[in-house]
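Reviewing the structure listed below.
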């Protein structure tokens, strides 16, 4: 029996995040998300292939604006997201504890790492060109330079953890101007939606990040084969499907990322940033 | 810098020999001028001047004589609560409503401007476009706003664009009446580059334009500060070279008093104060008028007003 | 009287509150002097006294260096980069939050127009801290080895022309790389540095990481020569820069110097003329010409000389000189009586040398230090006004015939800080850029700065770069 003095909580609904809005799945389906002991946590939306299709369209629409923003501006926008994440620290900690059944101290470690990870990536926006670009000393009276440019729409199958892994696969794509369709962890999807709420209330333009929840095995093939997706991160793919997805991705020669770091807490390499960057090399004569 | 334009190569050579426009630099200059702070007495003066420069415009398929009469009434008496508010410069309508406007505006000093030449697209045979002009002039238009053939311009057929303007200018002269002033609409949004805007400005002026105008208002982008900056530089340089003053009219997308005042600053610091007069600078707008009146009222009354206190047309 | 008079549009002074007197900022607190004295800082526009400021004596400088050393060894060099980053992000944010106040303070103390301090100086200050915050935890990727270490305590001396921006250029990279600092602002412009000290307190920066010792030449010298300082950074005149270089040569201190210039702003016949004129104006009249990289020599191709000069004179007539706090002011006050005297002296020399002097009609306020925008035509390389840095709103105009000649004249100077090139022809831009002996080349623009863009000079304009990945080198043991 509920204690008649205890306040009845206002429970949160978890929907998809597409094009800056929070729609339910067009299929109307949901699935049950449980806590570490099998107890009911929430009904999360169960995204369909049409939701995935809509998310890719939204990401494509958002790409020209986001990729042509100055690097400084993107860095500012992402840093502000970190400020908002910091404000919601307690909420994330409690969501992760509920989902994984871990101690407060452990949950705090992961949440702090996720926020710091976001800050780390934000600071790359206006530096990656200096590390990755170059002027090239060609033999001839030409000025020749190479610049990194974002590839476009990136599909991401997030790893099967609640937050740190999600941040670690989404942030590196968007910092350089790509836009993302992310499929959250099937088992622990809720913090990803809470993160979407942060994105929706920040200065990140609508469509830059889109988040789908549901059966990864159902949605992944549609993203892997989508001809308007330029790259895909297969980290969260069910192992039985990984090869098939990689083959499907070759339909339009997507850039594929699949490596899983042994320790998500360790400082990342640049691989995930570089994976979604094209290199453009320009020649121009230099003569009077 | 006098120019003989006998062959296509001459006109092309001249226009392509004009100094280029650096986009980033031009936009930075326009942005800097837009940051000027115009307050108190300067603002009051600018608001009144802006009102007196408006070509109050209705160019809709659904225009009726009733709509035009209402617009003319508004132009004559912008603020019934304040008779000191200036009247507008002109009312701008389609040719078949010129007569209605003319009747309403008799003895007011407010001009009737008519669009013509198959506005807004300009895609028709020359005889159709000229007939359009002659009709508007015969109906009593004081001013004609024509569109250039953007297709011909972008295809590099400057001669064709030039000769059409010359022909329209001739058609503006109807026997027994004062010649209608010719405004030439460049449709800068379709010309795309500032280099093209500069060339089109010079082309129009060499062909006899009395005014160069940015836009039809039917596409975006319409008027912008940088585009108007380029056109103001062009009329300034043209007067230096040829001794003839040509007016400038930005049209479309000018909605707030703040925008309007920015345009006046642009005129002041680019072409100069000779252009700060309704005879040489117009603002093509419709909803702008009420914002100017609201600002005007706020300055007098010391408090903010709301839309209920200003008339619709 | 002009048709369209812009009414006065003053930015309100009430947004900033200036204390009557300021001490030194050492070890996280404001403190009085041990062996120094006090002096006054004035507004160069009105000559009113703004505040009393402390001149640090040798014992004060020693305290500051000790505080920086302690903070370095016990706190800052042990702190992970991501935590240093967060302090720098905080500082950047506070600067943004207090931006209006800082802009007004800068204009009051320096004399520059509020439009510039509001739209250029202060936003760049925040940007420098943001940019360098992001490097603090990424140094292993910067190309200086897998674990580049800081140098220790940096002694930094900055000039009066962009007081807070020069502070940001010095402190942000130093802290990002793990160093602690003792900074001496210029004697005529200490106030924004003292406000910055407050900002460090608001950001909870550990005490001693940043120390501000106000004073004049003596304080600067004491700081540079202090044995506890591992690295010296100086921006200022070439004359003082050489003294510092000498001192550091003897003491073996790593040092970077950003000194004077006499940049050529080169306008070709196929330049976008209207924008080139803006670039000329911006090049020499922005910040009253108190810019080391100012385009103080206009090299204009003879074939377009008449057109460019006519356009330039016409443009100069629209420049508005006056109260720095008026939002419509384009040209503010000269920073000090001393600087005004120097500008006047060199301008008189220009006339005596036979160049023709011209200024637009300009009403100069009665009080304060003012000089009208001035151009000298008929100048050649043999003239002193073509060789010596005037550091004021004075442009020397020379001509050239060919690109080769432009390069030759542009490079014919012991300085090498910056240059401008105006032409619509890409290949010419790139060729000129490859030929000009200058650390910064601006093509179809001028006086553009960004924390990501390395800045610094060739030859007697100094050595070392500030900004960008290249700028980190100065503060790493690499």
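We call the chains A, B and C, going by the order they appear; numbering starts again at 1 in every chain.
FYI, a contact is a pair of C-beta atoms (placed from the backbone, for glycine too) under 8 Å apart; a residue touches a chain by one contact, two chains touch by 3 or more.
No experiment lies behind these values; they were computed from the predicted model shown.
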{"item": "Target chain C, source chain A, minimum contact steps", "value": "1"}
{"item": "Chain closest to the middle, measuring from C-alpha centroids that were averaged per chain", "value": "C"}
{"item": "Farthest chain (mean CA position) relative to chain B", "value": "A"}
{"item": "Averaged-CA centre spacing for the pair chain C and chain A, given as whole angstrom", "value": "41"}
{"item": "Distance from the mean Cα position of chain B to that of chain A, given in whole angstrom", "value": "49"}
{"item": "Distance from the mean Cα position of chain C to that of chain B, given in whole angstrom", "value": "44"}
{"item": "Per-residue overlap in chain B, given as positions that touch at least 2 other chains", "value": "none"}
{"item": "Of all residues in chain C, the ones touching two or more other chains", "value": "none"}
{"item": "Complex contacts: residues of chain A adjacent to chain C", "value": "71-72, 75-76, 79, 116, 119-120, 122-127, 130-131, 141, 143, 267, 270, 284-288"}
{"item": "Of all residues in chain B, those that touch chain C in their complex", "value": "19-22, 24-26, 28-29, 35-43, 45-46, 233, 264-265, 268-269, 273, 276"}
{"item": "Complex contacts: residues of chain C adjacent to chain B", "value": "2-9, 115, 119, 270-275, 278-279, 318, 327-328, 424, 444-445"}
{"item": "Of all residues in chain C, those that touch chain A in their complex", "value": "82, 85-86, 89, 127, 130-131, 133-135, 137-138, 141-143, 402-404, 426-428, 430-434, 450-452, 468-469"}
